[in-house]
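Order of writing sets the labels: A, B and C. Residues in every chain begin at 1.
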Amino acid sequence: MSGSTRYVLRGVAPLGGDPVDLLLADGVIAAAGRGDIQAALDRDAAAGSPVVEVDGAGLVALPGLVDLHTHLREPGREDAETVGSGTRAAALGGFTAVHAMANTSPVADTAGVVEQVWRLGRDAGWVDVHPVGAVSIGLDGEHLAELGAMAASAARVRVFSDDGRCVHDPVLMRRALEYVKAFDGVVAQHAQEPRLTVGAQMHEGVVSAELGLTGWPAVAEEAIIARDVLLAEHVGSRLHVCHLSTAGSVELIRWAKSRGIDVTAEVTPHHLLLTDELARDYDPVYKVNPPLRTQADVDAVRDGLADGTIDIVATDHAPHTREDKDCEWAAAAMGMTGLETALSVVQETMVETGRMTWADVARVLSEAPARIGRVTDHGRPLTVGEPANLTLVDPAARTTVVPERQGTASVNSPFRGRELPGRVVATFLRGRATVLDGHAVPAPSATAPASGEVR
Amino acid sequence: MRHLLSTGDLDRDAAVLILDTAAQMAATQSREIKKLPTLRGRTVVNLFFEDSTRTRISFETAAKRLSADVINFSAKGSSVSKGESLKDTALTLQAMGADAVVIRHQASGAPHVLARSGWVDGAVVNAGDGTHQHPTQALLDAYTIRRHLVGGAGASDPAGRDLDGLHVAIVGDVLHSRVARSNVQLLTTLGARVTLVAPPTLVPVGVQQWPCDVSYHLDPVLADGAPDAVMMLRVQRERMGAGTSAGGFFPTPLEYTRNYGLDQRRLDLLPDHAVVMHPGPMNRGLEISADAADSPRAVIVEQVANGVAVRMAVLYLLLAGETHEERTGIA
Amino acid sequence: MTSGPAVPTTVLGAPEIGRALTRIAHELLERNKGAHDLVLLGIPTRGLPLAERLARRLAAVEPGLDPLALVGVLDVTMYRDDLSRHPTRPIGTTRLPAGGIDGKVVVLVDDVLYSGRTIRAALDAINDLGRPRAVQLAALVDRGHRELPIRADYVGKNLPTSQAERVRVLLDETDGRDAVLIEATR
């Protein structure tokens, strides 16, 4: 392992706590504290690998963020995003691992496709890419995909989802929930009753009534969640609810957890901050699925995240080409980018409102998503011997979002022009700096497997 | 006024100004020579992504009566499947030097996108967008109501006056109706009281925020509400009956007619002065019977004539003054 | 920026305005050999009360004449050639006497004759409304600076002005008093 750059992080605050020095070497947190670090450096001086000091004063150190819900678009829509550009965006956002959703073209419903995505991620070297496998073949909602083969593949898939579509057939959902028990998998449900959402364009309510856009009622989400938690209870399996967006959904999850049902839930940054009022200009950058809801829903998901009902924040990063957004609302694609703004939005909505600590942030953006996705080497404590997957954040910085300057290949950020707190200064993936001084640092040899990665 | 996108953008004074201007325009239309030189040299593009011969002809007539050059651009079929086409079409029109784009589109908000995008410099006039707005229809409805019911039905000049104290019932498919949305906003801005009457399936969730009453029963609204005007909305065939993709909104056309159709019996419930309106085209025998449509109270044909005057007024107010560049120095 | 509020100079008072209108009324009768077939079209805003005053003076001289039957109002907004140079103007009412203007002698009545462009627009408007036997022009004030080959047949007062000055006509009906003022503009 010697020869690769070692990093000394001076005076960083792990989880916002007391400042400490950390030495990153050989892919792990090798030492902590000024004395131990000096001893370690002296011991290895002969090895001759370069040492880079990072001034961490005022920076919060978090375990590298883990996104359970990312659309990297490759294969198929490389015009919107590639694994390379999407994972670079992820690193810039403080992530060290992402779960790549299955609705690519071809769909990630075979071991071949998930291994391809996994390899593309490994070769790009920005973050660890964990492909999500499709529940049904071609996302058709009818026939189970070869979940076992994907689980057994090199990509070691543990999260299965037809995201973008709902596994609406209760029998198929039941079978999937049962089947993934064999390899400790989880079904991540996109909860959307399809018949209640035919042609749906935005949240059904006061604003949709006025704008004349077909409504996407909250009940279409809640009905599926209610059904699925009962199914999960019945078959004794693990359910994850994607991008939960309504106050009613929070209530359902709270109830399900109180019954001991093994369910986890995620909320997106945009559902923590934005409301359906933004649709009034018919700017399709605000068109997303599930749609932006009301302020009451925003308040409820914040409450749910703060009290642990909602386990994680996941981005649902959904890049789209300009032509897919530069049009009438009804013709526009659903989705918004989010990897590079997620942490800032969480800081703005949860930390600066006093509802969460940085330790809570680490929980909802790293530890819990890693646990749900069964990713063992991320979301770990920032202690000696742990994998050096971490990110440094300057919480005092404020930046205005300019999508064209982001790492993602698409510009459909709903936060354009908005000033958000917090800035990712550095990100380390197994000790390698993927981001330094806020800039992406390509891997020395982007095609070579990063050391220690191969399982 | 830079664009006309929604009646929600009009305050009382702006709405009354349009009605007053329309009255002056209407006065010119009874002359032998109907053409005015007012908009000579201005170009009005009728950009229709959705068939509507009536509305297109009305706008075309209005523009021609004001001596504007008219380009009809029927973009049907090339539209919503790929959004790029709206942009490209708009850029094409911009290159042609359109001073105003009158747009009809099946997607709610398409005129807003056009106005906001910067693709065209000209004024954007919403000629009906999806299930959102149809502001000139509401203006011509308000104009018709004012002509008949304000100032003693022509006894005195209604210029400058609004619709204060009048009661208008709007009956039918409110959920999918841009006419209803536009009228609720405009008529209440002008001081009228509006009651929407529809089966519950055709009332939008969220309607409680609208400045109007909602009833599921037509007879009591006509008998007890004593509306001064009854506006019947067109029922789209595709909304009827079970088995349609979005589900039937009512069991059968027969049941709809029984509960919400305007016929002679219901006509007799109305006050003597009340007028019957319909934006057209009518489904005779469904939402309105021939008796009602052809009764002396029906002002349906007059609505069409008033449409030209109202659209002349809108084009005048948008185009006759300083050009946008002269006003602001920016596009 | 102005160097302080301009003090307007009164060039005509109420008695002078009254005498000027009386004189114009007599000239009208003389030139047209009576009021028969005359139509007075006032150009808004102040041309209309002036036309009404002229009509009353005609009726005072010619017995049996209904002054109101002579008077109409001609709004020329939609015929102007300078619409795009100003904020949108509201459109005024045009109303012709019951007998129309075909075959009549139409006298356009305006308060101030300046560039002549308003009268040009009025002539176009008349053209769309009918075919008078003749069109004449009466103006309370002619301040010069014509931009078109137009002249007045009846003038209350020729008022040499500079283009930097502004001429304001006040009438009792619209302004509460009668006066013609000149004020300097920036």
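As a convention for this text, contacts are C-beta pairs under 8 Å (C-beta built on N, C-alpha and C of every residue); 3 or more make two chains touch, one makes a residue touch a chain.
To keep track of the chains, here are their UniProt names: B = Aspartate carbamoyltransferase; C = Bifunctional protein PyrR.
Owing to the predicted nature of the structure, the values given are computational and were not obtained by experimental measurement.
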Under the document's definition of touching, what chains do chain A and chain C (Bifunctional protein PyrR) have as common neighbours? B
Mind having a look at which chain is the central one, using mean CA positions? B
Between B-C and A-B, which chain pair is linked by the larger number of C-beta contacts? A-B
Chain A and chain C (Bifunctional protein PyrR) have mean C-alpha positions lying a whole-number Å distance apart equal to 77
From the mean C-alpha coordinate of chain B to that of chain C (Bifunctional protein PyrR), what's the distance rounded to whole Å? 40
Distance between the centres, which are taken as Cα means, of chain B and chain A, whole angstrom: 46
What are the residues of chain B that contact at least two other chains? none
Of all residues in chain A, those that touch chain B in their complex: 195, 198-199, 201, 204-215, 217, 281-284, 323-324, 326-332
Chain A partner contacts - residues on chain B that touch it in the complex: 8, 80-84, 86-87, 105-110, 112-113, 116-117, 129-133, 178, 181, 204-210, 245-247
Looking at the complex, which residues from chain C (Bifunctional protein PyrR) come into contact with chain B? 75, 78-79, 83-94, 124, 128-129
Which bits of chain B are touching chain C (Bifunctional protein PyrR) when the two form their complex? 1, 17, 20-21, 24-25, 27-28, 31, 33, 35-38, 66, 316-317, 320-323, 326
